Amino acid sequence: MNQPRGTVVIDTERCKGCELCIEACPPDVLVMSTEVNETGYRYPLLQSGCTGCTACRMVCPDQVFEVYRFDARGA
Amino acid sequence: MNQPRGTVVIDTERCKGCELCIEACPPDVLVMSTEVNETGYRYPLLQSGCTGCTACRMVCPDQVFEVYRFDARGA
Amino acid sequence: MTSARPAAPPAELQLLLIGIGGQGIQLIGKTLAQAATNTGKHAMLAADYGGEMRGGPSNASVVIGTEPLRSLPILPSATAAIVASHKFAGPVPQRLREGGLLLRNSSVVDSGAGREHHRVVEVPATAMATELGAPQASGFILLGAFNRLTGLVPEAELVTAMTALLPPYRAQHATKNAEALSAGAAAVAGQEAPR
Amino acid sequence: MTSARPAAPPAELQLLLIGIGGQGIQLIGKTLAQAATNTGKHAMLAADYGGEMRGGPSNASVVIGTEPLRSLPILPSATAAIVASHKFAGPVPQRLREGGLLLRNSSVVDSGAGREHHRVVEVPATAMATELGAPQASGFILLGAFNRLTGLVPEAELVTAMTALLPPYRAQHATKNAEALSAGAAAVAGQEAPR
Amino acid sequence: MTQELRIVPTDRPPADGKARKVADFRPSLMLGEHGLCPGCGEPVALRILLETLQDLGIVNNSIGVVGHGCYGSFVRIMDVDVLQCLHGRAPSCATGIKRMRPQTAVFTMQGDGDMVNEGLQEVLHTAARGENVTAILLNNGVFGDTGGQQTATTVLGQRTKTSIEGRDPGLHGHPIPVADLVASLDGVGYVARGAVGTAGSIARTKRMIRAAFESQLAGEGFSLVEILTMCPTGWFVGAPQGPDYLAESMEQVFPLGDLRARPKPSGAGA
Amino acid sequence: MTQELRIVPTDRPPADGKARKVADFRPSLMLGEHGLCPGCGEPVALRILLETLQDLGIVNNSIGVVGHGCYGSFVRIMDVDVLQCLHGRAPSCATGIKRMRPQTAVFTMQGDGDMVNEGLQEVLHTAARGENVTAILLNNGVFGDTGGQQTATTVLGQRTKTSIEGRDPGLHGHPIPVADLVASLDGVGYVARGAVGTAGSIARTKRMIRAAFESQLAGEGFSLVEILTMCPTGWFVGAPQGPDYLAESMEQVFPLGDLRARPKPSGAGA
Amino acid sequence: MNTAVAKPSMQLLEGATAIAESAILAGCRFFAGYPISPFTPLLEHMSRALPENGGVCINAESEIEGANMALGAGATGAMAATGSCGQGLALMQETIAEAALNETPMVVFNLARNQQDYFQATRGGGWGDYRTIALAPKDIPEAVEHTQLLFHLSRRYRAPTLLYGDPLLAQTRVGVHLRRIEFDELPPQDWALDGTGGGTGESRQIWTWAMGKATNPGLGPDGHWQQVAAKFDRIAELEQRSEQRYAEDADTLVVSFGSAAKFIEHVVEELRAEGHRIGWFRPISLWPFPGPALAGATAGIKRVLVFELNAGQMLEDVRQYARDRDAIRFIGGVSIHESGLSYGPLLDAPEIRARILAAIAEDSTRSTS
Amino acid sequence: MNTAVAKPSMQLLEGATAIAESAILAGCRFFAGYPISPFTPLLEHMSRALPENGGVCINAESEIEGANMALGAGATGAMAATGSCGQGLALMQETIAEAALNETPMVVFNLARNQQDYFQATRGGGWGDYRTIALAPKDIPEAVEHTQLLFHLSRRYRAPTLLYGDPLLAQTRVGVHLRRIEFDELPPQDWALDGTGGGTGESRQIWTWAMGKATNPGLGPDGHWQQVAAKFDRIAELEQRSEQRYAEDADTLVVSFGSAAKFIEHVVEELRAEGHRIGWFRPISLWPFPGPALAGATAGIKRVLVFELNAGQMLEDVRQYARDRDAIRFIGGVSIHESGLSYGPLLDAPEIRARILAAIAEDSTRSTS
């Protein structure tokens, strides 16, 4: 798993800091920022290891995630 | 059954001729009159053989029956 | 308190029908109005239901004319009346005009309903209907009589109208009702108003 | 269009509180009004909610006086303003009287809000609150500062009122809020208005 | 007919001193005549309800709330404190009454039009709220009072003035078994469905009404007795055919019996 | 936290040409941002609903009827023909629409306050009428929009602004499982209960929504999908705790799953 | 069954039936209602006749549901209607207001039990600044005409409209000629929901608050409600309807509406024939109330008698517009049939005549004293 | 929690809370309501405070249910109330009319979003000839007083009564003194249902049609409704309330009610101080409308300006009573907050001031031209 299977784009300005994505990420690669966005909310940061599973995008109420997969690789 | 076990008083003027009592009487001793009452309805007449079971009184929507039993006799 | 002097004397027949629920007052009113309509006349039937319950008053007014009608749906006065029951016949004497025709069901109506200055005709409608084996048809006896007395419509039109008005589950009454119409007419034969 | 010449100059403090939902504007308004009431003053807090949604404007007006109040619940003009966010601070410049005190959260409020003829004081409330480890408490920093500037009530009264107003599930914020009040007061020490 | 049998005089009580009256014309709580149609089942339901109040000795500690339907006129002949309420609203009115008079037995009397059409929400909310009142539903599957139109309990195929070719599920939908819905809710103490078509079903229904009031008196929550009643007028059948029609149409769709029994004595309580 | 891991840049799509986008920020039917609270479950339900319309290819042949609640503001961001109707009345409005536009997919979106409080009668009648429409219930057990008061689905013990010590059955009654009531009625094609607490339940719920619309398109009658949604604001819990609270409180009382499966293909039809 | 095919000859129809047939002729294709006396026969007839004419009639399970079904149907652009009597209309107030404010056309039939719903018809108990065009026919032929007019106006103005009838209109049978009335062309219904807007970025929205879509914002409540209020102001100018007779040379003018006006007309004719200087004025549209016409008709009138079968409701409108307020006398009153379902003894020509004569006599005594 | 024990010192209370506490002081023991902005805090406070004071507050599942619960509670003789905002009150119209006609006391709180419910409050959308005493306080202290008065009047007249408030009354917090107000003694409640009448032959009955029992017939609808109408005529005479200032020497009189009147008062004081001959008139009871007082106040007035936050509803009452109808100018209008939940920008002293000055200027131009 040294080559990522997926990644996400995070539209941090839309995030409301609910942390639902953190809990939902199966490989547990999302963490909350310490910084806040314009509206004053902390937002998720991606660490390496994303599988492109879309779970974060599934649970996020605020449409913060766009998800990509690197097809050529892995399982 | 030559001595009646019960009898009824029939307030014929209240009767609306629905015939529910006729069907309900277990020993089948009620018959409809050919005459009509003041309001123009036929009403039940009692033939001998009443058991005082109160079925007629139970089903009558118009409170036409009062029921008596002759306790000393029969069953 | 009465409308003593109307603007123009009505060329309209204004008929009060008085009875109690269950006597078929509404149906005979409809029959008459429908028959009149079928013969090209203008007709109105104004019902006066006493709520939804049986045994209460059941009155109706029928107005028939050859021109568009001017009568009110609640008649201040009438030119004729059919009284099928005495129970609620109170307003009739006041409302019926002088010389008006008062047709009474003499089987049940006591003599109080109607005054000297009315033209009173009596028909024992309830008794006749029972005799016919159709106790529900006493109203049609009265209607048959009334129509004969006034010559309003051909009797056959009444039969046609009545038959069409019966709901499907009462269709079986048509024949007896027609007989009642005839019997009523026959009962007053010779008493027709001079026209 | 402005109420240029009021009937009598108000002896009432009329304070506009301007912010956005989530900044706790309503709570600091309540705290101030409650503290004033507790010290025997007459107070009014008029809220202006922008519906039920977060992120929209959240404004409030507080009026404090020693006599029964005469101010309207929608202030045509005010003697002081606290601006916690620049997002919806539009009406402030028009409504704040000449010489009125304008307390600005300099962490977020751009310099547009406020005019030369106002007495402007700036406090970097958001930054201070974050520093305190209580980002939700920036409003109390401003309130602490405002109270010190105006000498309205003893600071302890603000703490009491704030503590009582917190709903049970937010009781844990009381300490940080109290610290914020003090920090705000300290930040403007020496800038008190001459009384 | 059995014309050969002797006709017995029935215009006065028997002279025989040994005759014991076993049933009055009507319970003393019934003040006079009603104006309902021949063969209507509703007056029978009224009678067993009033008898039950007497049997339980709660005559002068009861308040009735009566809706709109033919039975609405019963408020004139029930010797009980009564609120005649708006169409469909009896359960809510009963709620207000019961909360202010918790020691009083409070009941509603409603028709299917009243309870299952206009007031379906009221009865379900009141049941789920566990309101400690007793509802009596007189279900004849039509709006009797307005002349026999389709209600929410009209069985499929039945002709009414607004389903003149018979209730067609594709056009008019399906009947709602309100007692079953109520029985499925928490907050409910007792639910049963009876009928007044035969002497036997009347007797059984009377026991159901008694159980419902006992449930209320024991504070078990909401109780409901649905009573299937004949409406020959609205059904366009002769009065004598009413009970048969009831058994063959309505009882098939709405089976009789207890739908929610009272809690076992050990488990009783609010 | 696993701070030792490397933070990956996420401010733009990956430059890597082999990257394939598998999920947009939002479906194209969603026109913009909503103003709902952090951690609210309702926008998630909206998303899977709109995605289903797209999946089924009925985007430009659908009419939505939206009630009053926080989700009410979705009418501003749903790119679908919409009637914003009165509180509780969506099923009736949907009925009028569907009868005049039988070829169009018609759905409602209502909250628990909207459907189970104000409009309980409407949904039950519409279901029993077999109205061929799809109802989407967003059940969060509170009136979110008005600040978190008790609704008819609030679970026992839950604190709300009008049951401040927790919902007490003796005072406030019991929650109503509306989907179960609907599932028990004739006239109904499909009923299920889902949730949006986890990615798994969201995926399952999306399949339920699809089944409901397919049921409507097949003319099977009324369909309902109840969706349990988080309302951290009304529950007085932190947004991150929403899904757990949902699972531990609501799902215990309102179990997830199909409550009325679609008729087997052989038996399908109106 | 009487179907909507125009018949040349006269048919004897119950008023409710005639109204139903007229509605179908007007293009009504959706009806939902709940039985209540005397509205029931309208519902019953619709339940038979609408399906035969390609329409839908639903036995709504309650008035509120019926009204909202009609609103939904109206939102698709179909001609839709509901009805009841005043009691049932009380339950529809929220919905009627909503339809007015979200601009959904629909027609509401109030076949009332009496004239006690005047306030309900003209002010309503809904919320917001809305009005309802309310026509009060005096007899069945006029009701037949009004029915078609109301469907037309409802579409023209995108607003609910109301027919205020009574038991005499509902239950009387008279010979009527049914025919379709042609009106001016209607504006296009580009607002109607047909489901095709989805995914276009221009999907449609019907919403009382008119906030529009994120990509296409609406006026919002402030702008929208002002616009709706302005529309009602316009209607108030354009749609006043009234009728009057003998006002020019009358001392006494009797104002009444609906069936009562038919009785007044009758009695006034009688009194005219007897030499009384009397006339009548009839608002046909209760809202918009024909105030200017009444002001004109009452110029120079000595006494303005108001006759209505209620405790004095239209009276308040007469007070707003009659030239000389002090000339107004109320001669109507509450009068209910013992069944509670229809008019009481006051709606009777002799009684009305007596009241008019008494009012004239009282005034004369007063003026000579 | 603030409980109903009279506290000597001033409490800072939200208006809705103050009203709730005042209701409890008046003896209110039953409340049922359904959340809606800005009524919600009244319900929330009742749900906490009533049980603490021996009462019952029910989270009614809808407005209709809440209103009928209150009616039921009121029928037992308990002081009962319900409420909502105008939107929810629209749903209660049938019930309020019913309570008026079957003579059940109850209080209805309309904590409205604006002033667009004037017609609803004064005419209603129920059925029959009923009225509702409707008080419109100008601020919270007055609302606290009105609340107790409304419970009293409701009992005195056996009729539903109504408080017409708004977001400023509901949501503003001010210091208030709560105390119980003592009123005249009330008539005995021999009509109240307590369940003891059964079997006595004299059991009680509450019924809009008042037909009574077979053994004890009632008046029936005709007699009963006439009697109720006569009662409302009596109330109309006895319960008019209004306030005015500077009418004696004013050229211009501004008529307004509720919160708007508070703003008018403020602006008129300003204008007086600047030398304008201006005064104000405030109906406190919207029904009964203080017509005679307004007629008196408008005698000799050059212009009567009507200011209300709606399209012109009270305007119709002013038109009925102002001495010179032609002097009336409407300077109010529809104005809604963008949230739809409260007043828009028109309710603001500078804006009002400008409208008054413009109306005066326009008139002067006209009269000189």
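Which chain is which? They are A, B, C, D, E, F, G and H, in the order written, and residues in each are numbered from 1.
Keep this in mind: contacts are C-beta pairs under 8 Å (C-beta built on N, C-alpha and C of every residue); 3 or more make two chains touch, one makes a residue touch a chain.
The model shown is predicted, which means the values in this text are computed figures rather than measured ones.
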Chains touching both chain C and chain D:
none
Joint neighbours of chain H and chain B, given as chain labels:
E
State the smallest step count from chain B to chain D, taking one step as a move to a touching chain.
3
In terms of C-beta pairs in contact, which of F-H and C-G ranks higher?
C-G
Centroid distance [mean C-alpha coordinates] between chain E and chain A, Å
62
How many Å are there between the centre of chain B and the centre of chain C, using C-alpha atoms for each centre?
38
Find the geometric centre of each of chain A and chain F from their Cα atoms only, then give the gap between the two centres in Å, rounded to an integer.
24
Centroid spacing, where centroids are CA-atom means, of chain B and chain G in whole angstrom:
55
Residues of chain D touching at least two other chains:
52, 55
By the touch rule stated above, which residues of chain F touch at least two different other chains?
33, 36-38, 117, 120-121, 125, 129, 146-147, 152, 172
Interface residues, chain A side, partner chain F - complex
4, 6-12, 14, 16-20, 22-24, 28-29, 31-32, 41, 45-50, 52-55, 57-72
Where on chain E does chain B make contact in their complex?
1-3, 5-8, 10-14, 16, 18-26, 30, 33-34, 36-44, 47, 196, 198-199, 202-203, 232, 239-240, 242-243
Which positions of chain B touch chain C when the two form their complex?
36, 39-40
Chain E to chain G touching residues, read off their complex:
88, 113, 117-118, 120, 143, 146-147, 149-150, 152, 161-164, 171-172
Where on chain G is chain C touching in the complex?
10-12, 37, 139, 168, 171-175, 259, 262-263, 266-267, 269-270, 272-274, 337-343, 347-351, 353-354
